[in-house]
Each structure stands twice: as C-alpha cells, then as structure tokens.
Amino acid sequence: MNDLLAFLFAAVALIGAVSTYFQRDRFNKLIAVGITFGGIVPFIVDRGYLDVAIITSLIIPITTIIILLICRREIHDA
Amino acid sequence: MLGEILHILAAAIISWILFVTVDILFRLPEAGGVSGASAVARDIEAGGGALAGGIMMGNIVCSPDASAGTLLAACGVYVAGIPGGLAAAVLVFIGNRICHDPGYAGTTGAVLATFVVYGFTQVGFAATDFIAGMVIAILTIQGLSHAHASRLLARLWRVRQ
Amino acid sequence: MDVAYPAGLLVVAIGIVIGFAALVREKDDLHRILLTDLAEVLALVLIALVATDLAEALILPGLVVGISELMAVSEVYIAREGLRAPKEPAFRIEVMESAPGILALILVAYGIFLSGFTGGVVAAAGAVFYFICRGHAEQFELIETVSGYAWAIWIGAFFIFMFLPQYWFFAVMMAGGAILLKVMAKMSLVGTMRGGPDV
Amino acid sequence: MTPEFILGCIILIVGVIAVGFPRPKTYLSRLISLEIPGFGLLLIMLAYDEMLALVTFIGVTAISTFVLVRAIERKEAAQ
Amino acid sequence: MKANQSIITRISATISRVENLTGLYALLVVAVTVIGLVTLPFITYHDDQLYPKTLDPDSTLDPYDRGGVPFGTTLVKAQYPENSPFVGYVTAYLTPLSQWLADTTHHMGTTIVAHPGGIIDEILYNTRGLDTVVETSILFVAFAIASYLFRRDA
Amino acid sequence: MIALYVVAAIAVFAAIRATVERNTGRKLPYVNVMNFAVAGALVLLLDHPLSLVAAAAYFVGSTLEANAIASTYAGGGRRE
Amino acid sequence: MFNLPTTNIGGQELFVLEFGDIVNYFSPYTAVLFVFALLFTALAIVSRPERQVDIAFGGDAYYAKEVDPNLLRFQRFMAIACGLATLGAMVSGDVFNFTLFASMVGITNIGIVAAYRNRHVLNAAFQYGIVAMLATVPLFGGAAIVLASTGTLSMWELFTDGVAVPLIAKAFLVLGVMGEGMAPFYVAKAEITRAQGAPFILMVHVSSLLLFLRVIEIVISM
Amino acid sequence: MIEYLLFATFVGLLFHGIHRKVIARAQGRPGPPIWQEILHVLKFSFKETWIPKTASQTLFVAVVFVAIGIWGAALYLLLSGGSLLLLFGIYLIHKIVEHGMGLSSGSPYGKFGAIRSVISAASELPLLATVVAIYFFTHSLSIADIAAYQQVHGPLLVIAFPAAAAMYLVILSKMHYGPFSIIEAKEIVSGNMTEHFGVWRAGLEVGYALKTYVLLYAFVLLFIGQLPLALTLLLMLLILVSLSFVCAVTPMLSPYDTVTIQTLVTGALVVYIIVLGVVMG
C-alpha cells in the first residue's frame, strides 16, 4: 500500500470516527462506526492478515446488532 | 493507462446492465424483502424518488443481490478463475441466508457474472476492470442521486411488468 | 521505535487526562461504568506499546480480567438498583432469526480450532450472539460445572509444565483445551443471563 | 511510525474525546462512541503485529458491549 | 454547606461521601499523569527486550514465525531459560493440522499459531504460566460473583 | 493498478456523501457503495484466494449490519 | 544464582520458588506478611460470622441478625480466594504477576461485600468496584512502562542498581494498589464494614493493607 | 527476651498512667494515681470471663493474641535492628486488630468503633512518608543501619525534621484521649473495646502498653539515636508528657476531619520528599 492509498483509507476511517462524534442520531452514529471499520479493514488486509480480517468483519456487525437491541426507535426522535 | 480507464468504463456499463437485468427479473423492486428495505424505500420516496426504485435500492442495501454477486464473482475470477467465481456464488448464497433473504438473485447473478467476466478476460479485459467497473456501476445507482436513480429503476420495472 | 514509544505514551497520557477528567465530572453511576470500559482500553494501549511477544502474552490476561471485572461490577449495579429485565415483548428484527445460526456456527467452529484464550473468546462471542437472538434452555449448572473442571485441568497443566516439563506436549494440549472451555463457558453464561432465570 | 500507528493514535484521541464528552449525553451515545477508541487500539495492535491480541480484543468488545447493553436496557426500562 | 466552615471541614465533607470516591481517585490519577507528562521525555524504550519479535512476511506463520526445529532446541529469549528446561519446544511445535495449513496456505499465520503450539502459548503456559493461573482464577471469581447475584435476585 | 485508486477514491467519496446526508434511510445506500468499494479494494490489495473470502466476509458482515440498522430504524419486524 | 540484590530493605532471601520466568521468593519481610495473610485466611476459614445486634430506634428493643447459610458459604469462598490472592501477591517475584494478584484481590473484595443485600453496602461495593477497575489502568500501565523501559519484569533484575525504573511507573504502581486495595480512600471501606460477617470483612482490610505494604517494598527497592 | 517484654509491658502501663495523670493535671483535675492502669490489668485478669453469644467466637479471641503477638514481635524487631518497613507493617496490622476487635463482637458500639477505625486508616500514611523520607537519607531501612547513620551524621531529628513531626503525629493519633482517638470516643461507649472484658481486656491492655512503649522507643531510636537505656526511658517520658499536654488541650476532632488532617500532613510530607529528591538529585 503506498502513501496515497493509505491516505485515502485513513481518510475514510477518520471521517467515520469524527462523524460518530458529531452525529446526533443513534442510527447515524452506528452507521458512522461502520464507516470507520470500512476504513480500517484495508490496513489489516494490506499487512496480509486475512484470517484476522475475516473474523473481525464477522464480529463487528455482531457488536452493532447487540447495540441495536437498545436502539428501539421512539416516536419523538424520528 | 487510457486503455485501462476505457476498459473500466466498459466493464462498468456491462456489469450495470447485467445486475440491473438480473435484479429486475428476480422482481426485486416489487416488495421489500425485509422491513429495513421498505424503510429505505420510504425515505427515498420522501426525498423525491420513485417507490419501486427505492424498494430495489433498499433490497440492494439489505442483502447481497445480483450487484454484490457480480462484484464478488469478478473478485473470484480475479483471484482464482472460474472456480473462484463459483466459490463467490456459494459465499453470496451464505450471505443471502444470513441476511434473511429468501431470493436467489445474488447467487444467480454471481454465476452469470462469473462466466461473463471470464469471457471478457479472454478478449483483453482484466478481472480488475470488472471489480472497479462494478463499484462504479453501483455508485451510479446508489451513490449519485437517489431521486434520479430510483425513477430510472421504476421506469425499467414498468417495462418488465 | 525511538520515536514511536514516547509518542504513544504521550497519546495515552493525553487520553488518560481526558478520560479521567470526564470521570471526575461524571455523577451518574452507569455513565461511570461506561467510562471504566474506556479506561480498560487505555490500559491495553499502554501494554500494546511494548511491542514484543511478551506484551501480547500480557494483553490476553489483561483483556479477560477487564471483561470479568466489568461483568461483576455491572451485576452489582443491577442488584443495587434492583433493576428487572424489561417487561415489554422482546425486540425482534428479521436478521435475528437468520444470522445467529450461521454466524455462531462459524465463530464457534473457528474458536474451537483456535483454542486457548483467543479461541475461547471468539467462540464465546458466537455463543453469546446465538443465546441473545434465540433464547435458550437454561443449563446454568452444567456450564458452570464444565468451566470448573476446565479450571482444574488448566491448573493440572500448569503443574505439569513446572514440575514434569518432559511431558510438555501433553500439557500444551490440556492447557489449550481447558482455557478454551473455561473462557467460552464462562462468557456464554453472559448470553444466557439476558432473560429471567428460566426463560 | 507506520501509517497504522499514526492513524491509531489519532482515532484513539478522537474516541477518548467522544466517550468522555459524548453528544448527546445519553448512555447509548456513549456506548456507541466506545467503539471508536477500540478501533484506535485495534490499529495500534495492528501496527505492532499483535494479531492474537487483536482478535481476542474484538471478541471481548462484543461480549463487554452486551454486558453494558444488559445494564442500560434494564436501567431504561426502569425509568 | 455553610459558608463559614473551615477548609478542613469542607474537604472532610467531600471525602466522607462514597459517591465522590470515583471522582477523587480519577482526580488523583489525572494529577499523577500530568506530573508524569513532565518526565515523559526521559522515558526511553529499552532495546534489549525479552521475547522480541522478528517478522518474516514471506513465512506462512507470519507474524508469529520464530523459527526453530520441532522437538529440538529453539532459541527463545526468556528471562530464566534454566527454569524451563523445555523452553522453545512449544514455540516450534505445530499440530499435524496446522502443519498442513502452513504448508498449503499463506496469510493464515494467526490461525495456525493460535492452534495449540506457538510462541504465545509458550509464554502463557510455560514460562509465565503463573500469570495464566491467576488470570483464570480472576475469571472464575468474577463469574462466581455475577452468577451468585444473578441467581439470587432472579 | 488504476482500479485500486478508482475504488479507493469512490470509497472516500461515498463515505463523505454518507456523512453529509442527514436522513438515515438515504444514508444507507451511500454506505452500501462504500462497502462495495472496500470489498473490491480488499481483493485488489492482496491477490490471494483467501482475499475473496475476506471480501465476502466483510461485505456480508457490513450488509448484515446495514440490514439490522435499517430494520431497527423501521421499527422492528413485529409491528408490521 | 538467585541472590536478592537489595538486602537492606526486606532482608536476605530465605526461600525461592521458581515458576518459569516468575521466581517467587520469601525474604524476612515478605515471609512475615505471608504468615499474617495465612493467619487471617485460616481465621476466615475456621470462624463463624458474628450475629450483629441492631437497635430498633424509638424503643428499647434490639434484635440479633441471623446468619444466612448461603451468604455465609459464598462469603467464605470469596474470603478464601482473597486470602490466596494476598498470599500470592506477598511472595510474587514478578511485577506483572503482582499486579494480577492485586486485581484479583480487588475483585474478591467486591465479592465479599456484594453478596450482602443492604443497599448502602451494595452502593459502597459498587463504588469500590469502579475504583478497582479504574485502578487496573495505573497498575497494568505501570507494569507495562517498567517492561518497556527496562526490558524485564522480574524483581530480581529490577532491584539491582544498574536498572533505572522511571518515576512515573513507580507512582502508577502505588496508585494502582491504592485503588485496588483502597488503602487511603477508606470512605467506601467504612460503608463496607457495615456488612455482616466479620471474619470475611476483615479479609478485605488484611488484603489491602498487606498489598500496600508489599508495593511499598517493591517501589522502594526498585 | 521474656524479662524485657515484661519490663516493657510494665513501663508501657506506667506510661498510660502518667498520661492520664498529666492530662488530668493540665485540666485542673486530680486524676488517678499513675499505677492505676497496672491495677486495672491485674483486676481484669481475675474477673469472670466469657464470650458474647452474638460474637464470632474464634475471631473474638484470636485478635487478643494477635495484638500481643505483633507488638511483642515489634519490640523484638527494634532490639534486633531489623527492617523499619516491618515495623511499619506491624503498625498497619494493628489496624486489623482494631477492626477485628470491633467487628467480631456483633455489638453496635463495637461496630461503630470498627467503622471509625477503618475511616481513620489514613493515620498510617504519615508513617509511610516518614519511612520513605528516612530512606532518602540513610539508603537503608534496617534499623541498625539507621542508628549507625546517626552515629556519624547526628540525629535525624535535626536533619529530617518534617519526618520526625509526621512520626510524632502518628504516635499522637494512637494515644488515648487525644484529638484523633475517635475510635474510643465516649459517645460510642468504649468503641471497639466495648465487648472485650475480663481476661480479654487485660490482654488487650498489655498489647496496647507494648504498643505505646514500642512507638515511643522507635521514635527515640529513629530520630535521636542509640542511647543508654536510662536516657532512652527519660526521653520517652519527655515525649509522652508533651503528647499528654497536646491531648489535654485539644478537643477531639470529628471522624472525617482526622482523615483530612492526616492526609494533608502526608501531602505536605510528599511535597517535602519530592523537593528532597530534586535537591539531592
């Protein structure tokens, strides 16, 4: 991975991380977390740790779904 | 350099036609497979789009459909030729089951795309062109203008009906 | 390495200052639990910065210690507040019907293959996910008994390593299997603790 | 100083701020923000090739999230 | 709190409330860390570490390839190698299954090494086994507390 | 390797679009584009059969995530 | 080969117990602490808890609380675990191993009091638990800084003159033990003391004080 | 050794008597005779003894023996020139005795005493600071080494005065009727000693007498140096009388105020140590 690519994927991860902080809606926050992970996976793959990439990309959604258990949509914050 | 860009654009058009056809044949714009797809459709309609197109976009979001099949098949062909593409079809099938999708659009799309991509690699295209092309194709549907894309899809859906 | 270590320390120090300053201002107890979870992360970064195999061998126990303390403290919190599981019907989305079976199967199988701490945690994550989504038949005693035996087996393995080192191969297998069982069994209990005692 | 390390440090700091001073200040937003420093740690471990620790950490994060969800769920039901 | 109280009484009033305990401790940690920030430039990384890492991206065991002959002597830089006569045996050993994986695939190093054997198991079970004893005991105790409370209240 | 740059650029573009968009339902398609791009990038970064599995795992995982978020956003399955 | 480098603090070593890289030892100082821990653990094993007498306000009545056998068994188990952890921490010859024992002491202390149903006691146990968890940051952090800056965790090496341990690592270690054992922050402990079960509650204090004594020895020797 | 132990017990009890007498005189009361405490112990030894029914019986008895045992050991330690850190340790374990005594009885007063004992645990901190400060000068914690150091460099009382002040505070907080003796304040009857009577009380008094002797002796040994026995006793008496005056003229503090003051003193000492560290490099 050269510097330009690293910069691009790092930008994705950073956009996700920063927007997690600034989004106010719970779902938007979760989506931003997903974006962050999207920026991080290429770094794992680039180093050649494919098994780790597989297992993390399966567990991260599980974490999100677990958080969703308490994200019932209420009428007032539509 | 320039040739590669042209190849990518051509691949984008081919995969666009491929996955839209398969999706429409498998009646994706008809009904939301899961409640999430309907919610996405509702929001797209509220943003000035057409409902049928929105439903199809929602379905693409919520489950691996023909577009995902095409992408993964191209990846499969890139790494391992025809067997890779078929393996990708199996993975898409598993993905469909995980995502509570009863349909076979993704699997069919993957199998079809395997042969299409493999065929084009014989005439000078690279499989990577199809990977990038598919990403561009999905960008045109999901990533540029939801209103226009959904209206286009709805029009195509009316043709099918 | 010369620059990275002080830089990393600096980052962690800033992190500690920010995180603990937030804790000073925090009055709500549940928020405090959440912040302690953040603190665990900072502790792990400090260990990770050492960057040797030893550091990694220290992170694994540190992680498990963190989760077990979190578990105990949150349970104390629930007991103190006298909180009950919510009465309203359980929350369902479609993927909770389809995903757990396949994902849990993958994760548990992979975890068993990995063995040791890592395998235990991966398998437990799968099991927890399955229990959350599917409900479960309560097998509390059985799971606890299994993990108790696993603990005893691991202690046995430890003594083999220390006093009969020539049987190291046997001990590796015992230890790997026992820790897998132990961590997985304990952690999956977490998943079964969602509903009432006999859901 | 690999790119992973630098990115990890930045994300860690962003995450610590996000968890320390969440907006809006609810249990849920804090819980979601907790993922961010986790990603920072993940990247730092990646930078030092501590892959077993990384996998274990990801697994533990899932479980600890559930532990926290369990407490938050009951707390919100009680209110 | 009355205004005319002495500073000592006010401090006493603060520390006498259990709820302030966490804040006090956090404050202490922050204070020590801030002082620590001053000494930070003097902390240097010691280059001669135990169990150092060597990375070989071409190895199928990457990032955990530490070399060595199975059932033979392997160089492991432990603190007291003389206390663990079989040090290095676990590091070099691969089960038949993981040996097969290592022969056939690349990029699965983590999986292969996590399977019994490998350097981390060497450290966790053999040279620093006592850490693992304590750690599993902590797990045991913590879950005993949690399940006791859970079952009593449920 | 122009394809890789194209894919990475699209990922950044989609991430920005997803962040700027305010409506949750309309955010998800953008995220979907990013998932496509990242999954493609994984394979392009490392040419190995396992990369395909990694890409599929990432793609399925993130689709599952999007599905779950959308379904919860819609209010869960039971109420319909 | 194992000679304690600093004899003017804890005395000569008496007995060395080797567990691979972790070399535990008894010096007169740690041996005395060990004996104390053993003594109080034995007391926790053999003695039954007291029956607290409560005065009912507004009248002249008083009543003695009964001992709940389940609670008794659980508390005794926790007290024994706490005793074992203290024993381990007293003789440990490795910094990280010591911190692990310290965090085990912290969590067993929570366990001893958490079983009690009184809301105030539970509240104290909770606050104590939060601090014990926070304390893992300086504890493990201190050990990690020691490892990074000296390249070893063994006290046998660290106690020699040639090895300079950063001040911040020492401060972190002390801070961590203070948090785990609550040594000077006795506010939470005072509340904890209200719980029934004197032999077990006593274990909370024994462990934290001994832990504190041990960390002082370590930090001064380093 | 045994005879020295008996002698120390005797002197310690006598000191307790003198302490009461001085306080009484300072407050304008006649006060009891100075051998009153010795008589107390003798009287308690021959009174009827039993264990309260509500008590945790083993613990109730064990703490008495532990109290005598640890201070006997401390005396031995001082005489043999062992580690100062061990003395500090024994001092901390005395805390456990206080807790155990109050908690084991089941009496609400005993429990209050124990709780206050827990609260006032900050009183150990100044001693710790003292230990560290001494280590800074002598680079050894062996009591024999410290005595030898003073032979060469003169008494530490002059060199490390703040440390001596902290140690003085420590002894003060263990004195009866002092500003810090919240454990046995009269509003909770006799605090943690409420339920211990008869032989048990006599045993405790013996332990406490040894404690007073050891602490005073340690102060002289650590800060003034190894002196002939008679001179040492004289100095101990002087310190005791000064302590008694302090006790006589200060009111008892509220429980948490004692913690605050002791913590502040420790904080001041920590600053002193840091400054020392910087100055001495």
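Labels for the chains are A, B, C, D, E, F, G and H, by order of writing; each one numbers its residues from 1.
Just so it is clear, contacts are C-beta pairs under 8 Å (C-beta built on N, C-alpha and C of every residue); 3 or more make two chains touch, one makes a residue touch a chain.
No experiment lies behind these values; they were computed from the predicted model shown.
*Asks:* Would you mind checking the shortest number of contact hops between chain D and chain E?
*Replies:* 1
*Asks:* In terms of CA centroid distance, which chain is the most far removed from chain C?
*Replies:* Following the centroid criterion, the farthest chain would be H.
*Asks:* I want to compare two interfaces, C-F and C-D. Which one has more contacting C-beta pairs?
*Replies:* Answer to which pair has more contacts is C-D.
*Asks:* At what distance in angstrom does the C-alpha mean of chain G lie from that of chain F?
*Replies:* Using C-alpha averages as centres, the distance is 49 Å.
*Asks:* Can you give the whole-Å distance between the Cα centres of chain A and chain C?
*Replies:* Chain A and chain C have C-alpha centres separated by 21 Å.
*Asks:* With chain centres defined as C-alpha means, what is the inter-centre distance between chain B and chain E in Å?
*Replies:* About 45 Å separates the centre of chain B from that of chain E.
*Asks:* Where in chain G do residues touch at least two different other chains?
*Replies:* Residues 18-20, 96, 100, 103, 107, 110-111, 114, 123, 130, 134, 137, 145, 147-148, 153, 187 of chain G each touch two or more of the other chains.
*Asks:* Enumerate the residues of chain H that touch no fewer than two other chains.
*Replies:* Expected reply: 259.
*Asks:* Which residues belonging to chain F are in contact with no fewer than two other chains?
*Replies:* Expected reply: 4, 24, 28, 31, 46, 48, 50-51, 53, 64, 66-69, 71-77.
*Asks:* With touch defined as at the top, which chains are paired up in contact here?
*Replies:* According to the stated criterion, the contacting chain pairs are A-C, A-D, A-E, A-F, B-C, B-F, C-D, C-E, C-F, C-G, D-E, E-F, E-G, E-H, G-H.
*Asks:* Can you name the residues of chain F that touch chain B in the complex?
*Replies:* 1-4, 6-7, 10, 13-14, 17, 23-26, 28-33, 36-37, 39-40, 43-44, 47-49, 51-53, 55-56, 59-60, 63-64, 66-77, 80
*Asks:* Where on chain H is chain E touching in the complex?
*Replies:* So the residues of chain H touching chain E come out as 254, 256-257, 259-261, 264.
*Asks:* Where on chain C is chain A touching in the complex?
*Replies:* Listed in rising order, the residues are 91, 93, 95-96, 99, 103, 106-107, 110, 122, 125, 129, 132.
*Asks:* List the residues on chain H that touch chain G in their complex, please.
*Replies:* Its residues touching chain G are 53-60, 62, 66, 73, 82-83, 85-86, 88-89, 92-93, 95-96, 99-100, 103-108, 111, 114-116, 118-122, 125, 128, 131-132, 135, 139-142, 145, 259, 263.
*Asks:* Inside the complex, what are the residues of chain B that reach chain C?
*Replies:* Per the stated touch rule, the residues are 34-36, 94, 97-100.
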